[in-house]
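A, B and C label the chains in the order they appear, each numbered from 1.
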Amino acid sequence: MTPPGFAAAQALAARHRFKWWEVLPWVAAIAAFFLFPTYLSFGTQVLITILFALSLDLVMGYAGIVTLGHAAFFGAGAYTVGILALHFGWNEPLSGLVAAAVVAGAIGFVSGVVLLRTQGLALLMVTLCTMALLEESANMGAAYTGGFDGMPGLEFAPIFGVFQFDPLFFRAQYLYALAVLLVCFVLVRALVYSPFGESLTGIRENVLRMHAVGAPVQRRLVVAYTISAALAGVAGAVFTQTTAFVNLSVLGLDRAAGVLIVLILGGYGRLYGAFVGAVAYMVLEHTLAKAYPTAWQLGIGIVLIVVALYARNGILGIAETLRGRLRMRRAS
Amino acid sequence: MRHGMKRLLIAAAMSGVAALAQAQTVKVGVVLTYTGVGAEFGQQITRGMDTFMKLHPDAFGSCKVELIKRDSKNPGGAEAKTAVQELITQDKVDMLTGFVFSPNAITTASLATAGKKPMIIMNAGTAWITNLSPMIARVSFSMWQSGYTMGQVAAKQLGAKTAVVGYTDYPPGKDELAAFKAGFESAGGKVIDAIPMGGPGKVPDFTPFFQRAKDKKPDVFFVFVPAGDHAVGVVKTYGALGMRAAGIKLIGPGDITQDNKLQAMGKDGVGLITVHHYNADLDNPENKRFVAAWKKEYGADSTPDFMAVQGYDGMAAIAHVAKTLNCKIDPGKAMAALKGWKFDSPRGPIMIDPDTRDIVMNEYLSELVEKDGKLYQKNLATTMAVKDKCKELGVGKCK
Amino acid sequence: MDLVSIALGGVASGMVLFIVSVGLSVTMGLMGFVNLAHGGFAMLGGYVIVYAMDAWGLPFFVALATGFVAVAAISIVLERLLYAPLYRASELDQVLFTIGLVFVMIAAITLGIGPETQALVLPDWLRGQTDLGFISYRTYSLMVIVAGTLLAIGLWLGFERTRFGAQIRAAVDNRRMAQSLGVDVGRLFTITFAFGSGLAAVGGGLGAEILGLDPQYPLRYLVYFLIVVSVGGLGRVSGVFFAAVLIGILDFVLKLYYPKGGTLFIYAFTLVVLLLRPQGLFGKRSG
């Protein structure tokens, strides 16, 4: 006799199990390290964007919180390690990441408690305004943040006291960003397949039902928002550490809207959408901008329009539709 | 056998000729804002560079020059940094140039040092940028050159006792404010109010700021805004608020009288007084040639502005280095060649200061006048060979 | 500075915001379509208007009308071809699409016309100052105030007093109910979309004197338009009007007396308003 709900539990466990293709992104990342040694600065930016998009996926794709202000946390993390390094001589990278996560998480928690009662356009605007307020504060607090010029020429200690960041060849930076991404990804993956993650999806799909079954909806949203903010903070910290500068661009609408586009393009609520979206968008933009420095925006715009029109739920959405059709054909 | 020998000799001779004819290529990475908020600046600089090449086809001597263009997109600096990193490691460029927004230059200065690439700045005007790397030379300007000179001129030539300063609230604006204040107050004037007028990103409605200035009743109202959209807004608001009738002179660096925006200002611009290192109406043979070539290529309605001349001069500096070093760019020798380099630019004689690697040039006091329904810059006075006062006085980060 | 000129200055900048944003508010309220490309139509309008005055020598107001018609026509084509297939898509797909459209618009203008700022040369009678008897003030600002007010009254009458307006109001409040009562919401949307885009075009031309006009326009002012729409409440003509005027005055006063604060206050104000009234100051609580 199987207890009731056993099949469901089994299905959940099956989702949690690693599939063979989940190794592919990491193999590809390592391969890129050897194949494109002069693209590693760009590669590092891609890895950082993946991590940032992953943090956004947690709130947007899983918990259904549509925000236009996620760069607030990226920026909070970026400025935390920058200020610590410049003003307090705290330039050890790994402990810097922890500090960035704590600061960004704290801001995420406080703003989450206040902001997450709203929805739709109002939510979009209050998150945007919160980010803009942080940006203005960073601009005005020039004594600490360097204002508009930011803080250039930051120096960080070698990782584990051994691996030094080279300003020209981003080998150490790339591997560092990759390692941080891997650790964060394992965390996020475990989280979304946990009962907590399932309840987030439940809230996104039917908030009334979750209220009805007595789930503490508000509290769970705030927890998810806080974790996501901390992850975004880590992404921002890696940005500052690897590029050795921080300025207002880490807090702007450009960055917040950019990561949103990346995630929608890749496909949200799917973990790997962040990977696909960041690689697709950034490689396309990078190649186009290199070849056509004045006209690349046209190409990007057309691609976005086409994807929005013909692929619901981004590039991974196309893949799933195709797989679904194949399966149908095989079954028939 | 003999035939074979002969053939070999001919082959050797021909390969020698080929080696001679195959001139050394000097690769230059050009990092400009080709899209986004700075796209117009990128276009002006590019056209300035092209005009130099057209007017001086022999400037590079036997060297071939290859320009590799990369878009720095936004003022943020991350894109510029990746672009420069790839220019150095992938394209193996010999020199770097461009850099419109100051943060673009600030974030990449360390790469010029690490990669030992001479970096010729064509715009970015934050004063202390040249201190960031021994590989930097600047052919554009420092905010202090026009600001300090304007301050002196306002007190001495215009006889102003009090001034209100309105500035766009970002580092170049703050530089300009500090420079003007230093110049004006050292000549006996007094700055009675300083009004930050929003960030550089969007053009604000200037009316409230100008109302505030008008209410303070100063002798002169010194305005700094980034060149472009802002400038037209400033002049139109000044005219619309009737500040001239109230006896307040509008003065500023030439960013507010950018040459290609003059005709859009209309009558409101008449009487505007500026100090700047270039305007298209400067009366010297180099400038006449430059403007004529420009109008021929880009149309009679198009006018070069100070960005264009900076692109022109930047190209001249690169050509000078390439020719002096016989197309083989050694970073140390390149910087040595740049230090003390003199050139007859459309903006008058210029020189790279051997101590600071910053430009030394004339600053022109001019007034906007109307003639046959068009606006012209009338030169009132010239301050010769102006150095960057910020580094001379050792203010803040300029030490 | 006296109260009257503060009020006039604030109201004038609010009016431009109103004219550009009102279409966005109605179309977003009607279909829930997140149209981030709305500012793009304002930009296109501005370019058409400048061109009409420059190349064809049309008088200012005729040029404005030309801009309205041209952009309304363009937007009908775009709406039928590109927007309509996305009505049922998620709002995130709509965001992706409209951002893509903005990029295409920016690139098209930059490549086709150039990155430089366009100069809209006002007719002489709109320059300088006008003496109102008790105060003399910028003629152009006064004209914008008059035009904005007339437009607001016209729109309000159309909204409240015509059958078409009633249909829009019904559809904004409850689309399904309106549909089941026989209102053709699709057609309603096409018409309001075209009308709203046309108004944005007029706003682009009217506001060029204050906001400038170059290819970056749609992104530069997007946040301002969204603030006005969200504070005013979706789908409310009167809401957008009062919100735009309120924000215009607030912005003006703060810049005048505390310029150091930058845009800080506008964001803080929006934040507080939306936390207290997520449906906007004048919006109805959504059912």
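Going forward, a residue touches a chain if its C-beta (ideal position, glycine included) is under 8 Å from a C-beta of that chain, and two chains touch if they have at least 3 such contacts.
For clarity, every value in this text was computed on a predicted model and none was experimentally measured.
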Connectivity without subunit B (remaining chains kept where they are): one piece
Comparison of A-C and A-B (more C-beta pairs in contact): A-C
Per Cα centroids, the chain farthest from subunit A: B
Centre-of-Cα separation between subunit C and subunit B, whole angstrom: 37
Euclidean distance of C-alpha centroids - subunit A vs subunit B, Å: 38
Whole-Å separation of chain centres (CA-atom averages), subunit A against subunit C: 33
Multi-chain contact sites of subunit B, meaning residues that touch two or more partners: 35, 39, 42, 169, 199
Multi-partner residues of subunit C (at least 2 other chains): 107, 110, 260, 262-263
Multi-chain contact sites of subunit A, meaning residues that touch two or more partners: 139, 294, 297
Subunit B residues within the subunit C interface of the complex: 35-37, 39-40, 42-43, 169, 195-199, 201-205, 207-209, 211-212, 215, 228-230, 232-233, 236, 239-242, 260-261, 263-264, 266-268
Contact footprint of subunit A on subunit C as seen in their complex: 28, 34, 82, 85-86, 89-97, 99-108, 110-111, 223, 226-227, 229-230, 234, 260, 262-264, 267-268, 270-271, 274-275, 278-280
Residues on subunit A engaged by subunit B in the complex (per definition of touch): 38-39, 41-42, 45, 139, 147-150, 152-153, 166-170, 239, 243-245, 247-249, 252, 254, 289-290, 293-294, 296-297
Contact set on subunit A toward subunit C in their complex: 60, 66, 114-115, 117-126, 128-130, 132-133, 136, 139-140, 253, 257, 260-261, 264-265, 268, 294-295, 297-298, 300-305, 307-309, 312-313
In the complex, subunit C residues that touch subunit B: 1, 5, 9, 12-13, 107, 110, 114-117, 119, 121, 127-129, 136, 138-141, 209-212, 214-216, 220-221, 251-253, 255-257, 259-260, 262-263
